[in-house]
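To keep things simple, chains are lettered A, B, C and D as they appear, and every chain counts its residues starting from 1.
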Amino acid sequence: MGKIEFDIAHLVAGGLVLVSLLLLYQDRMFALLRFFAGHAVVLSLAVAWQALIQDKPELYITAAIALAFKGVVIPLALYRIVVRLGIHRELEPVVGVGLTMLAGIGLIGLALVVILPLTSAADPYAREDLAFALSVVLLGLLMMITRRNAVSQVVGFMSIENGLILAATGAKGMPLVVEISVAFSILIAFIVIGIFLFRIRERFDTVDVGALDSARAEGERRR
Amino acid sequence: MSWFSLHAPAFILGIPAAAAALLALMPGYRVTARINVAASGLTLLAALALLGERPAPGHFLLVDDLNVVFVLLNAFVGFTTSWFSASYIGHELETGRLTPLYLRFYHAMYQVMMFGMNLALLANNIGLMWVAIELATLTTVMMVGIYRTHEALEAAWKYFILGSVGIALALFGTIIVYVVAQVAIGPGLDAMAWTNLVQYGGRFDPALLNLAFVFLLLGYGTKVGLAPVHAWLPDAHAEGPTPISAVLSGLLLNVALHAVLRFKMVMSTNAGVLAPGPMMITMGLVSLIFAAFMLYRRRDIKRMFAYSSIEHMGIITFAFGMGGPLANFAGLLHMTMHSLTKSAIFFAVGHVAQIKGTQRIAEIKGLTVTHPVLGWGLVLGVVAIAGLPPLGIFMSEFLLVSSTFARDPLLAIPLVFGILVAFGALLLRLNSIAFGEPVGSTARSDASYVPMFAHLALVLAAGLYLPAPLVEWFENVAKVLG
Amino acid sequence: MALIGELVVQGVQMTLVLLLAPLLTGIVRTLKSRAIGKAGPPPLQPYRELLRLIRKEPVVAEGASWLFRAAPYLIFAGIWVAAALVPTFASGLLFSWSADLIAIVALLGSARFFLALAGLDVGTSFGGIGSSREMMIASLAEPATIMIVFTIALIVGSTQLSSISAYTASEEIGLRVSLALSLVALLMVAIAENGRIPIDNPATHLELTMVHEAMVLEYSGRHLALIELAASLKLVLYVSLIACIFVPWGMAPPGAGLGAYAVGLASYLGKLLAGGVVLALFEMSIAKMRVFRYAEFLGAALMLGLLGTLLAFVSRSL
Amino acid sequence: MPLTVALYGVLGLAIVAVAGAVTQRGALGRPLVYGLSAAISATLLAAGLDALLGALAPETATLPLGLPWLGARFRLDALSALFLAVVNLGALAASLYAVGYGRHEHEPARVLPFYPAFLAGMNLVVLAADAFTFLLSWETMSLASWALVMAHHREEGNARAGYVYLVMASFGTLALLLAFGLLAGAEGGYAFDGIRNVEHAPAVKALVLILVLVGAGSKAGLVPLHAWLPLAHPAAPSHVSALMSGVMTKVAVYGFVRIVFDLLGPPVWWWSVVVLLLGGVTAVLGLLYALMERDLKRLLAYSTVENVGIVFIGLGLALAFRANKLDWAAALALTAALFHVLNHTLFKSLLFFGAGAVLAATGQRNMERLGGLIHRMPKTALAFLVGAAAISALPPLNGFVSEWLTFQAVLVSPQLPQWGLKFLVPAVGAMLALSAALAATCFVRAFGIAFLGRPRSPEAAGATETDRWSLGAMFAFAALCVLAGVLPGHVIDALSPAVVSLAGARMPVQAEVPWWSIVPIAESRSSYNGLLVFAFSAISGLLAAALIRGFATRRFRRAPAWDCGFPDPRPETQYTADSFAQPIRRVFGTHVFAARERVDMPAPGDTRPGRFRARVHDLVWDRVYAPVAKAVEYGARRLNPLQALTIRRYLSLVFFSLILMLAVLAIWR
């Protein structure tokens, strides 16, 4: 792997982290969806670049799936759900955006601290790639726990998946099994989420998970 | 015979898969329930064949001492649960909690789940195992939500989200393991095979291996039900159909634990890593003590026993974290006994819930008066799960506690504390459920008592006498686990 | 032959204590009356009372059980045996080794046990009061006694009364603080156990202050006679006990001749008389306590006994 | 040979248990189960006595059960044989008693299967020779007895009794488990032979001692671990109460002796300090509790606590002497303790049998509702009286002999070199004396209130004498109480093989002493002859009776009670159990029970009734158990919200765990 290839891969992966951070920064639903589409696009770029430099054409499929499915289909679907269900257009963050961003940067720092200084034997690209992927995963998790809105949680979850794909494609020669399984799991995840959203729609006015939680019939909270 | 033995894995996987397809197509719950039992029974027979000759490990499948324990247990509990389920599920149809369509779905999903779990256990490939566990999880998610009540959907949703996050973490860990392994082994499928990982584990980069183990422990630990990543477990057990609760507690947790153990084996081949033991010990103890306290304020009988599962998975994880021949043996024994006992308890609870029409502990009293057989069966089950002799869990707790205290007294203190606190809670509830003035319906239950007492008989027998071949086998596994 | 001789001596002692018991009670009564300027009964009055009681037909309360009628004999037997085992004029009697000091104390306990039960048998409130108080007193007095026994046993190395008296009579004993303490404690216990002032007043029938008299309230006739005789015997026993342990001089050694027995007898009578005088004077000069001060009185005895034991260690180790 | 017999006996009991479960409904079940249990117990008793008196060499056996690589090991040595005999003596009587008493059982199905299992568990404990078998049997014994405690589960308070019991039992077992863990080491050498041959570090031995005190002590009822005992023992059917109090506590003592005297190797002197203090406090407190109790069976249970204290005083003394190589004195103290073990089995079983008979006849355990039973149940009353006298340590009965021996052992204490022990032992002796005196008070109260006086309730007035089987069991034990008291030398000699094996020495051979006296050390020091005291007392009593009746009058007349001229026929005017205990409550209660009395005396002219209220607190419960329960409750309450968090918060838990572990990784390097 040449220097330039490495740099480009590095750049794209870094871009994915950046988009993750930006995702964290959004406080409007539609902006969030747009940035998520962007996230998917950057991911597909990263995957495509890996396909190129590793000379593994099957990775283009993954890239295409990421682009088409996560970059277009899902944002649109979520957009329709938001519109049709009359979900609040504003995200309800648990802690302030500033604080979330700060935490996000801290997480990236943690990811780098954990991976970069430690690794000697693994090949450098995989190492960098893992660090970025870990950042994306952690940021996705952070997003899931700092947003009350179910749609934004789903977005957070999908950005975790994106991080995973980034890591998986970065791993040299990782059998296709994994990519397919990731795509497969996303597919199933989405179907099931859709089913649930549908059912939840029947019974609740909002898909806000918090509202769902508060309607629990577990008598134990009320002693 | 040997041909059969060598191809047993194919049968173990093929029978459930075929049965799932068949069941999805067939109407009429009486027939499908029987087919479900028959398929599970055949799977059990196939699993028994593994006791004979074993096929050599391939790229995708592997049969060794360790997973044969799990597969056999899986097939056995799967079979008895399907038996119980067949006699149980009709009542759900009568009360209108399930429709025939959903029942069809239920039976098909049951076999898919068995397929997923067996695959996860037999896989020689960390990716394949991950996929299989994911499959099993997704099917159980749907089973948990099958009653479509608020609570059931909520539990399923919780399970789904938390399970998905867990599985994502596990995947990340798996990828890291591959990244480390491909340096030593070379890219491709070989770098994902257990056999290779264990063989070359010493050459892996220890730092990355540590990182991977953190993700794997948390990720698969979610499935095992370790605190603080346990949250899906109580609700999923409480709201799903009782046979599923039995399978979840008895099997799925073990399957996830099997994954953790495999990775621990890889870790233990590497001298440079941060020992996985302390992490497992910590999580085990946290789960044990946390669940012990949580047992006290439970009002739902199934949720209570779900917490008891967390407690026991904590003990088992602790045991494997301690390592060494004695603790590993105790861990294996405890796991086996817990599976049998806990599923027996859930069978009993299923009867109780059907008779009384409620799962609320406050509305179930004096069971030994109105239903002596069921009541005493439940007493026996709870006594067993509480670790009293002469039942099997006593033996494993005996070995674990005594050996831990001799090795590291400070670790034994929280262990004993947790066991005692949990014991107090279980007994408190048992007192009111089994004894005192009866409350609620005194109707008879249609469901079969055979699976429950079969399990309890095994647990009782194991508490008094372990056959030498079994012991030898467990000892081998304990040695492998290091 | 020697055995018969020893049996005779033992028999003489048993009869002696039995015969002397009412006399000692009578002497104390007479002395007390005289000392406060009354004429008082003659010292032989208790004998007359006993004979009279024995001849009378007893009245047994309705609802009294067989225990009520058996108890006087049991009480009498227990105390008599105990009294017979305490060396009086001679030590080392034939049966003295069949019970040591601890056993003697316990024998008295047996008698008390049945007396208290008898108090409860009829089901009257006074009987209950008496039994309850008696047992409370005993439950403090007995440990105090045992502590005294410990002290003595630690110094002497034996709980056999014959060995003890032999030891204290010998030269090696010297003056010991712990012995003095236990003497005081033993005196206090003796007062309590015999129901004397300030713990109890044998002459009173004022309901709320009675202990012993309350218990035997329902008794009459020969039953009462036995109980009264047993009470007198107990007094003799305690005086003999104190004499035997603390002033053993004059006592005939084992297997001595008739002369020694005569000396022993004379000195024993002297000691009894002295005991009676001291008791009368003491009772005269002190007022009765309130019931719940007993615990302090006996607690003091217990503490003295314990202190004596501990000091015995110190003095022994010196 | 005896061991084989014993193991077959246990197997037989297991089969009887199954038979009990099967035949529970039929009328056949009761005689079958109890009859067979009695027969097996008799066989085992014979086996135990054979091994003990025949001074047979220790016998071992290994069955392919239990821990796979170890097997279930059994050993019958002198100590085991002694306790085997004690256990089965109690079991035999209880089974015979139950043949009659079991008739009153409403729900035999809840008793019959567990009774033989309970017996089997106790027998196995004394036979076990490896840690696993020992604990398995131990806990089986607990479990079976728990089921028996829960037999009358519908009665108020029994559920709580069963709960506290099993939790404490489990606690004790875990303590023993830890002790065995230390003894066996990390390699798992669980066989007693192996443990015996290993020299353990002093710290390990000390820790084991503490753990065994907790483990065996909680089962035996040492204060402050006794709390379950007065709840559970009375809750069971009376023949089971007798077994629990009379026999199971002895099995606990066996556990202590086996581990501390046998397995642990030579003792250190300070161990005895701990044991003596615990024993002394237990003895006194047990009785004070008993004196505050109205419930007849609970009173007996508290008295068990006291007697266990006495046994532990003896054991503590034996430890002190052994640590200082005074083996002959250790033999004396140990003999005293073991003698008391036997005695307590005899009289406590007898008393519980009596209480059971009363309970069956009147349906009452509350003494305030009893009274006058000596008229309605004269035979039961006589047997109970013998038991009460024996437990009050009155000569010439057996209870006195063991206490006397303990006192003799206390008197050897000046020979101990440690000053701490020199001072402590007499103080413990004072506690022993106090407890003996209080025991007399307590049993005067128990017998006097329950059996004497006038009936305090219609049930008591209408009671009828109990059946022949029960009476047979009671009188057999009463006779044994007298016999062991009158001929103590024979018992001491019978105990000597066990004593020799543990103390390394024995008491002088008593059979050689003339007149069947007992001489613990030397005749000049102390001696006691129960036979002579008995004969003497009998002769003098009879003599007095003969003289008086012969020369004066033998007539008597019945008349209303005198009662100082104020007889009141109402039974409520009698002294009650509470009023009897009032002086003791005044003296000790203020400190021990934080007892408070409140008197509400209306002013003259005021017509409302005067009221008197006395409250006693169980300080051990308040200070030890209640805080633990509260702490657990607090923990459960504080953690409970974790059950009902939102998914987002659960995810936060996952997230923070992950961050924590990553941070650990980052820092670790």
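Note that a residue touches a chain if its C-beta (ideal position, glycine included) is under 8 Å from a C-beta of that chain, and two chains touch if they have at least 3 such contacts.
Since the structure is predicted, the reported quantities are computational estimates derived from the model, not experimental observations.
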Would you kindly say which chain has the C-alpha centre located farthest from the C-alpha centre of chain C?
-> A
Which of C-D and A-B has more C-beta pairs touching across its chains | C-D
How far is the middle of chain C from the middle of chain D, if each middle is the mean of its Cα atoms, in Å?
-> 35
CA centroids of chain A and chain B: separation to the nearest Å works out as 31
Go ahead and note the Å separation of the Cα centroids belonging to chain A and chain D.
-> 68
Can you check how far apart chain A and chain C are, centre to centre, with Cα atoms defining each centre and the answer in Å?
-> 98
For chain A, write out the residues touching at least two other chains, lowest number first.
-> 114, 118, 141, 144, 153, 209, 213, 216, 218, 220
In chain C, what residues contact two or more other chains?
-> none
Going through chain D residue by residue, note those that touch at least 2 other chains and give them in order.
-> 640, 643, 645, 647, 651, 654, 658, 662, 665, 669
Can you name every pair of chains that touch?
-> A-B, A-D, B-D, C-D
Complex contacts: residues of chain D adjacent to chain C = 371-372, 374-375, 378, 381, 385, 389, 392-395, 400, 404, 407-408, 410-411, 414, 422-423, 426-427, 429-430, 432-434, 436-438, 440-441, 443-445, 447-449, 452-454, 515, 517, 523-529, 532-533, 536-538, 540-542, 544-545, 548, 551-553, 555-564, 567-568, 571, 573-576, 579-584, 586-587
Touching chain B in the complex, chain A uses residues 114-115, 118-123, 126, 130, 133-134, 137, 141, 144, 153, 157, 160-161, 163-164, 167-168, 170-175, 177-178, 181-182, 184-185, 188-189, 192-193, 196, 199-200, 203, 209, 212-213, 215-220, 223
Would you pull the chain C residues touching chain D in the complex into a rising list?
-> 14, 54-67, 69, 73-74, 76-78, 80-81, 84, 95, 97-100, 102-103, 106-107, 109-110, 112-113, 116-117, 119-129, 131-133, 135-136, 138-143, 145-147, 150, 153-154, 157-160, 163, 205, 207, 217-218, 221-222, 225-226, 291-292, 295, 302, 305-306, 309-310, 313, 316
Interface residues, chain A side, partner chain D - complex = 94, 107, 110-111, 113-114, 117-118, 138, 141-142, 144-145, 147-148, 153, 209-210, 213-214, 216, 218, 220-221
Complex contact set, residues of chain D against chain A | 640-641, 643-649, 651-652, 654-655, 658-659, 662-663, 665-666, 669
